Every structure is written in structure tokens, then in C-alpha cells.
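In C-alpha cells below, several structures.
There are two complexes below, and they share subunit A, which is joined by subunit B in the first and by subunit C in the second.
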Partner chain A sequence: MIAYLSNLATQVAIFGILAATLNFILGYAGIFSIAHAVFFGLGAYAGAQIALLLVPDVVLACIVAAAIAGGLSLCLALPALRVRGEYFVAASLGLQMVAVTLFSELKPLTGGIGGLVGIPLPTLFGVPVGVLPVALAALALILLATALLARGSFGRTLTAIRDAESAAEALGKNVAAAKTLAVGFACAGAGVAGALYALHTSFVNVESFTMDYSVLMMAMVIIGGTGTLWGPLIGTVLLLSLPAALAFLPFLPATEVGAVQQIIIGLAMTLLMIFRPAGLVGDLSRGQTTA
Partner chain B sequence: MSAARGNNEAPLRCEGLARSFGGLQAVAGVSLALPAGQVTALVGPNGAGKTTLFNLITGNLRADAGTAWVRGQPITGLKPWQVARLGVARSFQDLRLFTHMTVRDNVLAATERSAWFWQPGGAAGRKRRQAAAEAALEATGLASLADARAIDLAYAERKFLSLARILAAEAEIWLLDEPASGLDLASRMRFADLLRSATRRGVAICLIEHNLDVVAELSDRIAFLDQGRVIAEGDPQSILRDPALAAIYFGDRHEPASAAAETEA
Partner chain C sequence: MLFLQLLINGLQTGAIYALTAAGFALIFGATRIFHFAHGTAFTLAGYAFLFAWRADWPGWAGVLVAVAAATLFGMAMERFVYRPIQRHEGSFFTVFVAAFGVGIVVQNLIGLLAGRGLATVDTSLSFGTEVLPEIFVAPILWIAIGTAAVLFAALTVFLTRSHAGVALRALAQNPDLIRTYGLSANGLSVLAFAIGSALAAPAAIITAMTSGLNEAIGHQVMLISIAATIVGGIGSLRGAALAGLMLGVAESLALQFVDTQWAEAVSFLVLFAFILFRPSGIFGVAAAR
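After this line comes the complex of A and B, so read on.
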């Protein structure tokens, strides 16, 4: 039971990082990416390779993963600079598809479909360490950074760009730089989550970085509340504990849990968008069609 | 301020600016200077190219031909945010407020130009920006609404908020696209006061306005645009009394605009 809860907590911390960083570009900058799992994957492969080839140091793995995912975030930033709204959604979808193909084909880097196996247990400066405390610390750091950035001038810049990009530009804001920076930060965060995930499961393959996961992360953000600090974390806890909660229902056959879970998540998103478009902890009046 | 410069050069000047969309010549070689401390009204029928001219100056549109200068520095080819940093502020006909931000944040955002994670200048800079924002809110009568969201404001308040952003940006050149349309008399007088206190500080203002009473009341000069050309320029009284221009403006066109252009030239 302890192992089970500890695993759940680690998953929550890792997906909490993913949801918080996705929320940063989605909720504040209005960059509607359905390719967040790509950067999660990049981080996971990078972290796994560091552990396999070099040393399973968790901090080193996180730093390298953040650098690689953050660096390659230009793949997402470039379309975000050119197009908005549904056009960008389509562009990020394309990126997701390309990435999944590359993840399954680039065998020397990713192990192909079979993935990378036998990732050694994580250490911290040579001392064996659990992923859970590191993941919780990383989550806390990222939540703190998001909160500080969102409340300060950078958050205002991103929100201004989201609400009226041309007006933000007319006030002297370098929109391209701000968006690139926001996307870089968010993707680097997703990379950290990936490295932690690789060290936690000691096995990574492309299955965890598909569009299904990008959509799951988006569901966490939207159900919890876009543009809020705690919303994405609450969404993460809800969506990750849902399968566990369903498994406790005696009348539900284990084979049906997955289907029921999908229906609940789907219904929750539809109903929320109708009645609480800003999510569970979001501002009630937001998103509704006033003025 | 730039008004104090000895060489009397206009803070913003453009020459031969032109732009066409497909077959339509929206702006056909406009030369214009905006003197410091004066309000220049751009007048003309719909489709005359007034907003397009703004977009060419601010870099929102690329000019096919022509150049614009801010205090002698060419700005053609610069991006909108670069033009803005040279001291050109603009308002939009559809306002483009940061709708989900508070009134105060809308104005604060106008004072923060760095796209980096933080602004330069540390605590002193932050204090200065906050003071500029509060002053702009005070001047536009929005101080009591500072914590309301822009989207919840009434129409006139929204227009004043778009002006407050410009005030806070501390620009020396203002391009205002129909800033007074839809304002009642009392609001219009407050608006006129704002413009006057800006021109006293040496700000060069160009405004697009359809209501000729407002133009007569606010402007020091008029540039009359038709079919992408400035066909007349001068003091408000002589332009507004010109029957040929009135005929174009009120759609009672008996001669092609090119003929009018020739007579004016």
C-alpha cells in the first residue's frame, strides 16, 4: 500500500510539473499546444541516456533533459510566432506526429518501439535517492517559478499578448522574444518531468509520449483551471487518482475501468466547458460570452 | 522634449508612403509631417487610407514605397515593437484592450517593455513604472476603477483606458484611431483636456476622426485624405470650409478625386 501510494505521489508530482508548465503557455500566453508530451519524451530519453551511459545522477539528468527539451522547444516556438488559435493547434499536432515517428524510429537514441530498458536506480551525488522527494522538490520549484513569473511583469506581458497581441506589440513588447522564452521555460520544465519519469519507471518507450498523453495533460490543465496556480495540480490529482478510485468500485469489472475512466474525463471536460469554462478553480466569469 | 530641439524638425515625418492590396492602391504616396505640440487630424471618407497610413508608419504593414522617420531616424522596415520603443504610441479603432487584465495591469503593462523574465531597473524602476501608471489612471479618471477588469468597463471608460495605456507609455508621438467616436459631450471635453495637456508637453498627435465638429474643436491642422492621397492640408477652418472637399467627404462627388488632387496641387 505504501509503495502504491508512493508511486501515485511520484506520478502526481511528475504530471503536476507537466500540467503546471503546460498551463504556463496555455493559460497565460494562450499558446494552445497539444505537443507537450513531445518535450516530456525528449526529457525522458535524455535523462535515460545520461543514466545509462554516464551516471544515474538525478540532478544531472534533469539539467540535461531541461537543456535538450528547452533547446528543441524552438520547434514549437517557431509556429507559435507565426500563427495563433486553431492554426497553431494544427501545427503542434503535426509536431506531435513527427516526434512520435522519430521516437519510434531513431533506435540508437530512443531504443525504437522497444524503448530504453534497465535504466539504473537514481543517485544524488553518488548516494542512492528516491525519485519522489526530488520530484516533489522540482514540482515545488516549478510552481514557485510559475507563480513569481505569472504575477510579475512577464505574466502581464504574456497575458497582454494573449488578449491583444497587436496592442502589446504597439506598446513596445517584443512578442516573439516573450513567446519564445515562455515556450522555452515550459518545455524545459516538461523535460525535467521526463527525466524524473525515466528514473522513476527505469523504462521508457514511445507509448508514454503519444498524443494521448498530450491530451491528458491538457485535460489536467483545463479541468483544474487554466491560468491559475493550483488548478493544474488539482486537475492532475483528480485525473491520476480516478483509475485508482474506479478500481475500488466492486461492481465495476477491471477490464472496464479504462473505458469508464475515458467517459468520465470526457464528460467532465464537456460539462466544465459549458458551466465552468475556466475550470474548477478558475475565475467563474471568465470565458463566457459577455461583451 | 523634442519640441525643444532647435532645428524645428517634426518628430514624425513620412514621404511617399505607398501600399496596395492586390489591385487596390490603399495609400498612394503620402507625405506628411507631425509637428511637436500640435494635433493633426486625418480626415477623409471611409477607405481613404487613414488607418492603412497608421499601419505603414507603425510597421504593422510593410510599405511598397516611401520612408518614415522618427526624429530623423528612418523607421521603415522596423517591427511594430521597435517603432513603439522609439516613442510612437498608437490606439486602435477597436481598442484592443487586455480584456482579462485589470485596468491597473493594462496600464502597467504599457510601462513594461522588456520581454525578459523581469524588467530592468530593479525596485527603483518598478516604483517609477508604478508611479507612471497611477498618474495615467489619475489623468484619465480611471483611478477608482483600477481593480476592475477591462472587459467589465463601460464604453467610454474603455476608450479612456486605451488612452491611459498611451499616456503611461510616455511616447512623444501619438497616433489615435477614432479616439473620440461614441463619446458623449462631457467625455469628449475630458478627452480634449487630455490632448491639450499632452500637446503642451510637446507631444505630436495625429488623430483619425469622422465627426467634423470634433475635428474643428481638437485639431490644429487637418490633412485631408482621399483614395490614398493627401489632397489638402492646412488649418481647420480653411479645410472644413472648402466646398470641393465637403463634396468628397459627404459622398456628393461630382468629379473624380484625381481632378480634385490636381486643383489642390
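After this line comes the complex of A and C, so read on.
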């Protein structure tokens, strides 16, 4: 039971990081990425390779993962600079689909479909540690950073870009730099979550970085409430406890739990958008007219 | 010789892409709704045909069921999802998430009902015969190209000659003026969804007979449709259809150099290049926002 709860808590912390960082570009900057799992995957492969080839140091893995995911976030930032709305969703959808092909084909780096196995247990400066405290610390740091960034001038610039890009530009805001930085921060955060995930499960393969996971992260943010600090975290807890809750339904065969879970998530997204577009936590007056 | 074979295959795929993309472009052009569940209409039509086929229904009945499934789905989306959202000034994102949610629900329902993974309809139509040395052509190629040509001709006539078609084009330009003239913008919007979704049905049926369906095919269809719409230029039906054809041929010709799993990547690269260098597309006039 303790092991189960600790595993669930680690998952919540890791997906909490993903939801919080996705919320940062989605809720504050208005960049609707459906490719967040790609950067989660990049971080996971980077962290796994560091642990396998060098040392399983959790901080080193996180830093390398953040650097790689953050660096490659340019793939997402470039189209975000050129287009927005519908066009950008299309670009990120394409990126997600191509990345899955890349992950399954680049066997030397990712182990292909089989994935990378036998990732050693994490250590911190040579001392063995659990992933849970590190993940919780990372989540706290990222939430703190999000809160600070969102409240400061950077966050206000992003919100301004989200609500009226040309107006922000006319006021002398450097739109390109702000967007690139926001995407870089969010993707680096996703990379950290990936490295933690790899060390936690000691096995990674492409299954965890598919479009389904991007959708799951997006659902966490949307169901909780975009553009709020706590909404994504609440969405994460809700959606991660869903499989456990479904396990209590005796008539449901175990093989179909995944599909039923997806159906519930999809329905929740559609119904929320029709009846309460700001999400569970979001303020109702906001989120309706923002572009 | 390989080149010619790939070109022929590409034309067949391209005809399918052109039909789907034109449906999407028609809906987007007329209603300004980014119908992200267009791929779902495609999936529903394909599986409706598959079920009819498995139940030993005659072919024409299967086609009818498929067209009806796609059309009804499109109309229901307009009526029950998009219209309530538009009522409270739904942003692009709200519309997108709602449509995406519907797509996920349908994808998993089909997975539950029809089983996951590849599902094909085997007919003699997709059986290739050697017409030239090392060149195989199946009757389905002519069906695909013929269907696309006939439907595009019909669509052009409809949009330029008929009253409803002209009204649809007017809706794209100025919805307020449409209301002033006493026409129903809502009714026209439903019409756009009905026609646009119906166009996905023949494409879905041909796909079911050739490369096969899977429950997640909607995402791929969506990517192609959006890519063709953007590459062709938003608002241009002809552009979308032509770009769809081009993407199909490009994906197929690329197989000379890369393996099949990369075909999708080719379309994406074309889209990416257009987004970066020419967001208004080939036939686009106004620059993308």
C-alpha cells in the first residue's frame, strides 16, 4: 500500500510538472501545443542515456534532459513565431506524429520500439535516493518559477501577447524573444519530468511519448483550468486517480480500462468546453473571449 | 519503372487526400470553424462501410451508410457542439478542444466495438493487374480518380450555379449580409458541414479498400487536411484539393528514398516549410494571422 501510494505520488509529481509547464505556454502565452509528450520523451531518453552510460545522478540527468529538451524546443518555437491558432496546432500535431516515428526508428539513441531497459537506480552525488523527494522538489520549484514568472513583467508580456499580439508588439514588447523563452522554459521543464520518469520506472519506450500522452497532459490543464496556478495540479490528481477509480468497477475488463479512461477524458473535454470553458478552477469571466 | 509505379500510387492517395481536404476547406472557408473532428467523420464513414461489408450488405448500401454516417456526424457536430460554443463567443481554442474531445471519444468507442489495429475490406477492386511491364494498376485507382473528378465537378457547379452554393460562398465573405438578405446563416452552416463531411466518405471507403483503416486514422487524416488547406491557401477550395493531390504524390514518390513509415513525415515537412516561409499558401491572398 505504501509502495502503491508512493508510486502514485511520484506519478502525480511528474505529471504535475508536465501539466504546469504545458499550462505555462498554453494558459499564459496562448501557444496551443499538442506536442508536449515529445519533449517529455526527449528528456526521458536523455536522462536514461546519462544514467546508462555515465552515472545515474538524478540532478545531472535532469540538467542534461532540460538542456536537450529546451534546446530542441526551437522546433516548436519556430512555427509559434510565424503563425498562431489553427496553424500552430497543425504544426505541433505534425511534430508529435513525426517525433513518434523518430523515437521508434532511431534505435541507437532510443532503443526503438523495445525502448531502453535496465536504467540503474538514481543517486544524488553518489548517495542512493528515491525519485519521489526529487520530483516533489522539482514540482515545487517549477510551480514557484511559474508563479513568479507569471506575476512579473515576463508573464504580463506573455498574457498581452496571448490577448492581442499586435498590441503587445506596438507597445514595444519583443514578441519573438518572449515566445521563444516561454516555449524553452516549458519544454525544459517537460525534459526534467522525462528524466525523472526514466529514473522512476527504470524503463522507457516510445509508448509513453505518443499523442495519447500529449492529449492526457492537455486534458489535465484544461480540466483543471488554463492560466491558473493550481488548476493543472488538480487536473493531474483527478486524471491520475481515474485508472484507480475505474479499477473498482467490477464489470469492466482490465484490457478496456485504457479505452474507457480515454472516453471519459474526451467527454469531459467536450462537455467542459460547451458548458464551462474556463475549466474547474478557472474564473468564468475569463477564457471565453481570449483568442 | 519504380518511379512510374509510385507516381500511380501517389495519384490514388492524392485523390483521397484531395477529397478529404476539400471537405475540410469547404467547412472552414464557409463557417470559419476549424473542424478538428473532420478526421472523425472520415473514421466513422470508413467503419460504417466496414461494418456493412462484414454484414454482407450490397456495396451500394455500404456506400450509402458511410455517406449518411459522415453527413449526420458533421451536422450533429455543428448543431450540438459548435453552435452552443459559438453562442458564448467561443475562442478558437475552445472549439478545438471540444472537437478534439469528440474525436478521442469516437476513436476509443471504435476501438472497443471494432477492435484495435488495422482493418481492411478485401475486394477484387483493389487487386492489381500488370498493365505495363512491372507496372501494376488496380481498378480502384480509376475509381478513386473518377470519384474525385466527378465530385469536384459537381461541387464546382453547385457552388457557382445553385442558389444555395452561392449563398454558401457569400457566408464565407459576410455572414451579417447573409442575415440581412433573410437567409439563415445557421442553416447554411449546417449545409456546409453536411457537404464537407459527405466528401470524406468516398475517401474513407477507398482507404478501407486499399491501405486499410485503424481507429486512430482520424489524426492522420486531420494532419493531411490541415496541411493541404494551409499549403493550398486558406479559403481556396481548389488550392486545398490541388495541395492534397500534391501531398499524396510527394508522399508516394518519397518512398523511392525512404521507408513507408516516413511517408507521413514528408507531408509534415512540406507543411512545416510552408508555415515558416509562406503561411498564406500557394493560392492564399491574405497573410495568416
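Assume the second predicted complex is superposed on the first by the 280 of 291 C-alpha atoms of A that agree within 3 Å, B and C clash if a C-alpha of one lies under 4 Å from a C-alpha of the other, contacts with A are read in each partner's own complex, and residues count from 1 in each chain.
Operating definition for what follows: contacts are C-beta pairs under 8 Å (C-beta built on N, C-alpha and C of every residue); 3 or more make two chains touch, one makes a residue touch a chain.
Small disclaimer: the values here were computed from a predicted structure and weren't measured.
Asks: By the touch definition at the top of the document, which applies to A:S153: first (subunit B), second (subunit C), both, or neither?
Replies: first
Asks: Report for A:G85: first if it touches subunit B alone, second if subunit C alone, otherwise both or neither.
Replies: Touch status of A:G85: second partner only.
Asks: So, does A:A178 touch the first partner subunit B, the second partner subunit C, both, or neither?
Replies: first
Asks: First (subunit B), second (subunit C), both or neither: which does A:A164 touch?
Replies: After superposition on chain A, A:A164 lies in contact with subunit B alone.
Asks: Looking at A:A140, would you say it contacts subunit B, subunit C, both, or neither? Reply first, second, both or neither.
Replies: neither
Asks: Looking at subunit A, does subunit B or subunit C touch a larger number of its residues?
Replies: The partner with more contacted residues on subunit A is C.
Asks: On subunit A, which stretch or stretches are contacted by subunit B in one complex as well as by subunit C in the other?
Replies: 290-291
Asks: For subunit A, which residues are in contact with subunit B within the complex?
Replies: Residues of subunit A touching subunit B: 149, 152-154, 156-157, 159-160, 162-164, 166-175, 177-178, 181, 286, 290-291.
Asks: With touch defined as at the start, can you tell me which subunit B residues reach subunit A in the complex?
Replies: 58, 60, 79-81, 84-85, 89-90, 92, 96-101, 105-106, 108-110, 112-119, 151, 165, 169
Asks: Which residues, counting only subunit A, touch subunit C once they are in their complex?
Replies: 30, 32, 78-79, 82-87, 89-91, 93-95, 97-98, 101, 104-105, 211, 215, 218, 222, 256, 259-260, 262-263, 265-274, 277, 287-291
Asks: Going by the contact rule at the top, pick out the subunit C residues touching subunit A in the complex.
Replies: Touch residues, subunit C against subunit A: 34, 36, 81, 84-85, 88-105, 107-109, 111-112, 219-220, 222-223, 226-227, 230, 261-262, 264-265, 267-268, 271-272, 275-276, 279, 288-289.
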